[in-house]
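Following this line, the structures themselves.
Each of the next two complexes has chain A plus one more chain, namely chain B in the first and chain C in the second.
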Partner chain A sequence: MTDAIASFGAGRRPVSIHTDDAAKARLKGRYRAETWFKWLGAAAVALAGLFLVLLLSTIVTQAIPALRQNYLTLPIDLSAAKVDAAKLDAVNYDAIAQEALTAKFPDVTSRQDKRLLRGLISTGTGVFLRKDIAADPGMLGGTVDYAVPLDDFADLYLKGLLADVGSDEAISTSVTPSQSSGDIDLTFGDDAMLALARGHGATEGENGMLTLTSGASSLLVAFNGGTVKLTALSPGANGTAVAKGTVIEALDSTAPAASGQAFLRVIDTPEASRKISDKVIVWLDTLKSAGLIESRFNSIFFFTGASREPELAGIWGAVVGSFLTMIVTLAIAFPIGVSAAIYLEEFAPKNRLTTIIEVNINNLAAVPSIVFGLLGLAVFLNFFGLPRSAPVVGGMVLALMTLPIIIIASRASLRAVPPSIREAALGIGASKVQTVFHHVLPLAMPGIMTGTILGMAHALGETAPLLMIGMVAFIVDIPGGFTDPATILPVQIFMWADFPEAGFQQKTSAAILILLVFLVIMNAIAVILRRRFERRW
Partner chain B sequence: MKKFLLTASAAALALATSAGYAAARDQIQIVGSSTVFPFTTAVAEKLGQSGQIKTPVVESTGTGGGMKLFCQGVGENTADFTNASRAIKDSELKTCKANGVTPVEIKVGFDGIVLANSKAGTVVDLTKEQVFKALAKNVAVDGKVVANPYKNWSDVDALLPATKIEVLGPPPTSGTRDAFVELVMDAACQEEVKAANEKGCGEIREDGAFVEAGENDNLIVQKLEANPNAFGIFGFSFLDQNADKLQGHKVDGVEPTFENIASGKYGVSRSLYIYAKKEHVGVIPGMQEFIAEYTSEGAWGPEGYLADKGLIPLPDAERATWAENAKALKGMGS
Partner chain C sequence: MVGYLVVLLLVLAAAAYWIGRTRAIASVNGDVARLHSLPGQHGMFLALFAAGPALLAIVLWSMVTPGIESSIIADRFSAELSGMGVPQVEAFIRDARAMAFGGLVGFADPTKEAAAAVYKSIHTTSAWIIWAVALLLSASGFYWAYSRIAQAYRARHVVERVLRAFLITCSAVAILTTIGIVLSLIFESLRFFQQVPLYKFLFGTHWSPQSAFTGAGAEAGAVNQDIFGMVPLFAGTLLITFIAMLVAAPIGLMAAIYLSDYASKSVRAVAKPVLEILAGIPTVVYGFFAALTVAPYFRSMGESLGLNVASESALAAGVVMGIMIIPFVSSLSDDVINAVPQSLRDGSAGLGATKSETIRKVILPAALPGIVSAMLLAVSRAIGETMIVVMAAGLAANLTANPLEAVTTVTVQIVTLLVGDQEFDSAKTLAAFALGLVLFCITLTLNIVALRVVQKYREQYD
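Up next is the complex of A and B:
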């Protein structure tokens, strides 16, 4: 006790529960908790941002190749001998285009190789040609240079997505061929080639024989205007190397190529594990170096309907289908939703019945969307007998799904209009209906619109309810009306993701990108409406 | 605003009712198996391109779902064709008949079911018995039926690699699963398991070694790429299209190649069918054109475009018979 007094006397500040050491520790702890929370929050946001960036960047990088398509320009013979101007529909345009292509490679004679060569151009070539001739009959009567889309594998190869192809490297020794076509022997001036083949997965045999099977990288030697694919190598006399090879493109002559005159190209991906053969690669490179292949903006993707061929598949059918479906959804959900909201908010008596209705509307907003699809199947298709796969049914189902969202948003914005507005209108003699439609509704409109647009955006991204009513289908023709079979954007994405062809991977990403753009635009409109017209009291 | 609301709802109503009185359908509707879907869509597109008829609409509903829609009855609101990755069942045919539907059966080709893994994984040579032991829910050990105890492939057979058994496959709703169970699990079933439970052969283990990967075969392909130790079970067309990433494994010593499946050497293959509704021929335009296109050599022949899509053609003689039956619209059970 005396100690305490003494210490007071020494001029120390009085110790209270707010300033003693325990309190300081508590304070420190509180600050620490706050800092922790701040950091955790920031980390959560950063993580979410990281995932978003990751997601978007994967989609965008995957989608970019789909925005362009490679075209091959061929001299197409449309003279009267080939095309009968009176019977344009009966002409086999595919055959004419394929003839123009095979004429570029007179060396290709075997049936199988010809088939491979014909596969370079898209199977839709004939259809494009027929359409273009119908639009411009002036093309007829002579030979025209016409750009045809390349097949999906050729296209993917040119985009660098199918095989790792090294650049041409000059061979620093002489190369002597035994023949200019067929299976030939090549003699290299030194044995550097042997080590190179070993490094690329060649199989060792007897007497230093190295075999390049289809499981090894492909070694192609280009000289004298032709290309030879090496199949086996063995050491020759005087430190030379002898290779066996198959000529893919005929050589001009059997003259030896001097050091630096021949070029080696290594395709690292073995032929067995890629969807494009060495021959096709050589052909494509020849066409490319001749300046016949051109990469263009992929208008097919944006302006045509679905297809089973990746190079012919387009998104336009799905965009039109989405648009038609959304029109029906809006035409049904908006008037009914707003009317219901006005009635419930402004006119309905507050009793047990309206409370039950209110609770159920809120519950409806949480019902899984597939349930609406089942309802659509049972009621619209089976009971009313409406057509399958039609936007009108899809729109009705989605309208049912968006209704509760619109009602809830509309009621909230009607409620936000201050009672003074209603009282003033009533006060100067307006009827109840006049009050609502002349004064309350216009003020609530921006909020209602925002809710509606968000509800529509939600509906635009739905697939599940449409599964049941047949809109998840392969539909090629672009829908022309509300009862034509149609599909919508998310369904198109879902279906492309399921197709086995590699070319559809890029298309899927590109379609996702387009859907995202639509959603961003719709959300932006909602934000702008809110910013510009919303009034606060 | 009031006017707007009124006109909008009137328009919506008019729309809804007018749809009920739509003009007669002029476009073929096809439903059914997701395995046959890629081939039927190719034929549909080809036919649409030729400009003869409007491009048929093809839905992928699964074989069972397709049969249900197909056999529902005759009329504009029912499907004209159904795809099937197995032959129609007696019960389904009965329903069809009861509803006045006469199906015309057309066998269009074969599909192999393959066991594959990533190119980065090991190559194995399996027998059906080994696959059964690795995947069955109950197996016989020393004459007693027990819950599958095998964790690694090497537990099944010492010659197999010592990696964990991890197989991605289709769910029970899939026709591929039905066929896999029938061709592998039932075929290689152990006597003890069969004796203990008549349906025990088809039961696949649920302890995590077999993962149901959904109907999306592309998803299986992507998962296999990411995990070299996992195996996948799917249709040959996916192996064919992803030959750069995946390798198929021998089953009973036969490699799953186009030639082996076509010749019937590869044991795990099944037949694919389409069924046409005889009553709709002449009513819905294009029915006969569609059948003719599907059964043309340019489509289902060995050099046809369906072969490029992974369909394995029937032998020449069989193709000729089916094409003839299809042309004559030979209905089933009549």
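Up next is the complex of A and C:
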């Protein structure tokens, strides 16, 4: 066509509107828009992926520390003088363990410090000790080395989660103490310490005086077998620096430490903004350097019930509760859901009633889950008087919630079975019921199972309706039956997320990780079922 | 004890199946072809009648007895319980039950121990009654059905009719659930509206039910009607939903477009599971993420910009909720976009349009009703979402449009009102049901509108 037009103009080829410069620019613009649009789409997908990575990495990095727990090995005196073998239940095991710990630090004398020191080991120590003695009476009669779990703050510090601690650095000058305990003066050979203190947030006072308040980093000087915490520094005579300090661990002697013999440790997080004091840090480091602390697999977390103490809190009670609840849900939702699907797909006449049922099921699938909780509260608890917090009620509520999902999936699966199967069965004289139950249902079963598992996975992660029926109660015991008070994994996560103790943040993440592992397993089974047994007709 | 009865009945049913089968075969002297129904069907018939009615009776019994037992206890101990409020009476009965059958007991006193003893004896009596009734039903059912088995007896029809009735009952459960939801919400809400007028609930702008009982002396227990105004909750819900949709709608839609029209097979193989995983993560996990990571991040970012961001800002809850809804939007949009016939794409490409022009000028307009409906469903989902807002949004009802402040939502208030110790008669707890009713109505309306939009405006291309 261009040629035809061109032939009209004598000699000179007019430029077509499709190839002139404006058109080229337009085309360029269109292609640019195209690229933009494409990249926008890719960015949307990437963003979704980024969110997922962010979410999972946050959870996993937080969860990993909770998988291990630090134990302190103490020589515990179980001789007859302390433990009466006839009255094992009457013994205060906590006190025995605490005595063993205080014996490690003979120079801790004040009441306050002693209490702080006793707080290093978990309050559950006595219970563990009693249980282990009951299991192995051979421990009695002498002193045994026994590993006790550390308190959550101590544990978190050792995992490096509570304070930023620098490494020990040798001080390249001499350090002379005035005394070996109490509030002492330290004289440093040069004034390098002054600049260092300034750099760590010391408050400037008169005459070049520097005060290290609790809002500044902690500067600890270790020498002569002891540790001194610096509280203030000032310039001394002849370019030296004089520091005031509190002895945390008594020095062996008041001899001056030569250059390189004293070590400086900086705790960057100010004492005021962390939940562990300098003293406790020094004690823990001493215990650690003595090789008494070891990190073990956190069996407490995996195999015990809930607790208010982070280091004693376990997930097993919630796992059992979830399991019991899921059994009830499955036992109710699967038969009813599949039966309803069979009726609606295979038997139901097309009339107003079945239309209502269908619309109803679709609407139920979109009802907010919390409304099911209200239903459970009003009907199961208040009308029928079923027990609160029980897996049986939780299972029933979740079953009602999962029912529409199972029905919709089962119907899709039944519909996928070709009519020829039904016609063949009917043709050789099977009744309608026999056709469905002997031929259609078995063929649809993989799809139904897949839908059911996905529905159960959905139910496993559901929280809101169970809050309504009291599964949020604080339950220490591991539930033994369907009517025992219980809690379930997602609710446990919700409760732990609310606890203020720092240790619970890791526990929550670890519990989430366990929940996600269960969900992944269920989804993997669904995928395998689909791959293995799905048949294309 | 009743558990044994159920097991016994199941054993009886198995025995009855075998007996029925044998009898059917014996009735034609082994010539099975002469039977109207298969031997197995005769067996089923006998088993159904031997165990079915008895099992039904047990189900009924277990639903009814707890209520009857409680009312008998309340009746017997009416003298001791007089003057107690409903929750105390409930706690008394609960403790008595726990003492009788094991469980967590609040605290024990002699009256409760007496009540527990009575409870135990009543329960034993009622268990004996159900044993007797069940065995009687089982025996008579067995006798009746056994006498019917004969060569010409149409056992198959009976069995299939019973089965069909069972299937119908199962489909009716869905309707019963809806009826249960509606009735329970409406009844409790009506009790609430007797104490607080409807217009004050719907249009009041002050919400603080934690201080429900302000009266003292003669007015003690009177309900302050002015603190049940749900407007701030509704505004908070809409604010968070709006932020969520701001995140989810563009990302979800663009992701769906990219995956259906641009992505190569390998990209799709990665991206689809990513979205599915995002959809499968429980909401409580998103809530934890919002409260512990996103909210502090927004807060510190706001601080560095000189803005004052609340630690439970609507922004954090909204954004995380948006992330949660992305896969929902994208999978619904994906279905809609894929439903646009290929001929439209081919036609557009034939006219020289680029891919993006085809999508923007042809496919999106054609899919618009479906996309609108998907967005409405997503909004309904966001309004009903609970855990994210419970963990990351505030508790105090602020009437504000500032996304940096803390707002509360309808679902958060339902949870806070109903979790923990509760007296079931107070306006406070009943308010939760009124909120639930509002929530149910809003989401139902959105779903119906979404359905209607598709039905009404969808273009039929084929």
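The working rule: the second predicted complex is superposed on the first by the 498 of 537 C-alpha atoms of A that agree within 3 Å, B and C clash if a C-alpha of one lies under 4 Å from a C-alpha of the other, contacts with A are read in each partner's own complex, and residues count from 1 in each chain.
The rule is simple: a residue touches a chain if its C-beta (ideal position, glycine included) is under 8 Å from a C-beta of that chain, and two chains touch if they have at least 3 such contacts.
As the structure is a computational prediction, the values presented were derived from the model and not from experiment.
Engineer: Quick check for you: in the superposed arrangement, does A:L516 touch first (chain B), second (chain C), both or neither?
Structural biologist: A:L516: touches chain C, not chain B.
Engineer: Identify the partner contact of A:F482: answer first if only chain B is touched, second if only chain C is, both if each is, neither if none is.
Structural biologist: Only chain B is touched by A:F482; chain C is not.
Engineer: Tell me which partner A:A416 touches in the superposition: chain B (first), chain C (second), both or neither.
Structural biologist: A:A416: touches no partner chain.
Engineer: Between chain B (first) and chain C (second), which does A:L161 come into contact with in this model arrangement: first, second, both, or neither?
Structural biologist: Neither partner.
Engineer: With both complexes superposed on chain A, which partner does A:F384 reach: first (chain B), second (chain C), both or neither?
Structural biologist: In the superposed model, A:F384 contacts both chain B and chain C.
Engineer: Just chain B (first), just chain C (second), both, or neither: which does A:K275 touch?
Structural biologist: The first partner, chain B, only.
Engineer: Quick one: is A:G49 in contact with chain B, with chain C, with both, or with neither? Answer first, second, both or neither.
Structural biologist: It touches chain C, and chain B stays clear.
Engineer: May I ask you to decide whether A:E501 touches chain B, chain C, both, or neither, giving the answer as first, second, both or neither?
Structural biologist: It touches chain B, and chain C stays clear.
Engineer: With the two structures laid over each other on chain A, which partner does A:V328 touch: chain B (first), chain C (second), both, or neither?
Structural biologist: In the superposed model, A:V328 contacts chain B only, not chain C.
Engineer: Take the contacts of chain A with chain B and those with chain C, and give the residues found in both.
Structural biologist: 335-336, 339, 384-387, 472, 485, 497-498
Engineer: For chain B, which residues are in contact with chain A within the complex?
Structural biologist: Touch residues, chain B against chain A: 1-2, 5-6, 8-9, 11-12, 15-16, 19-20, 22, 25, 27, 29, 34, 37-38, 41-42, 44-45, 48-49, 51, 54-55, 57-60, 77, 119, 215-218, 237-238, 240-245, 303, 305, 309-310.
Engineer: Under the touch definition given earlier, write down the residues of chain A that touch chain B in their complex.
Structural biologist: Residues 89, 115, 123-124, 126-127, 162, 269, 272-275, 307-309, 328, 331-332, 334-336, 338-339, 381, 384-390, 392-393, 396, 437, 441-442, 470, 472-477, 482-483, 485, 497-502 of chain A touch chain B in their complex.
Engineer: Would you mind writing out the residues of chain C in touch with chain A in their complex?
Structural biologist: 63, 66-67, 70, 103-104, 156, 159-160, 163-164, 166-168, 170-175, 177-178, 180-181, 184-185, 187-188, 250-255, 257-259, 261-263, 267, 270-271, 274-275, 277-278, 280-289, 291-293, 323, 326-327, 330, 354-357, 359-360, 377, 380-381, 383-387, 390-391, 411, 414-415, 418-419, 424, 432-433, 436, 439-440, 443-444, 447-448
Engineer: Of all residues in chain A, which touch chain C in the complex?
Structural biologist: 30-31, 33-34, 36-38, 40-45, 47-49, 51-52, 54-55, 58-59, 335-337, 339-340, 342-344, 347-348, 356-357, 360-364, 366-375, 377-379, 382-387, 400, 403-404, 407, 431-433, 457-458, 460-464, 467-468, 472, 484-485, 490-491, 493-494, 497-498, 505, 508-509, 512, 515-516, 519, 523
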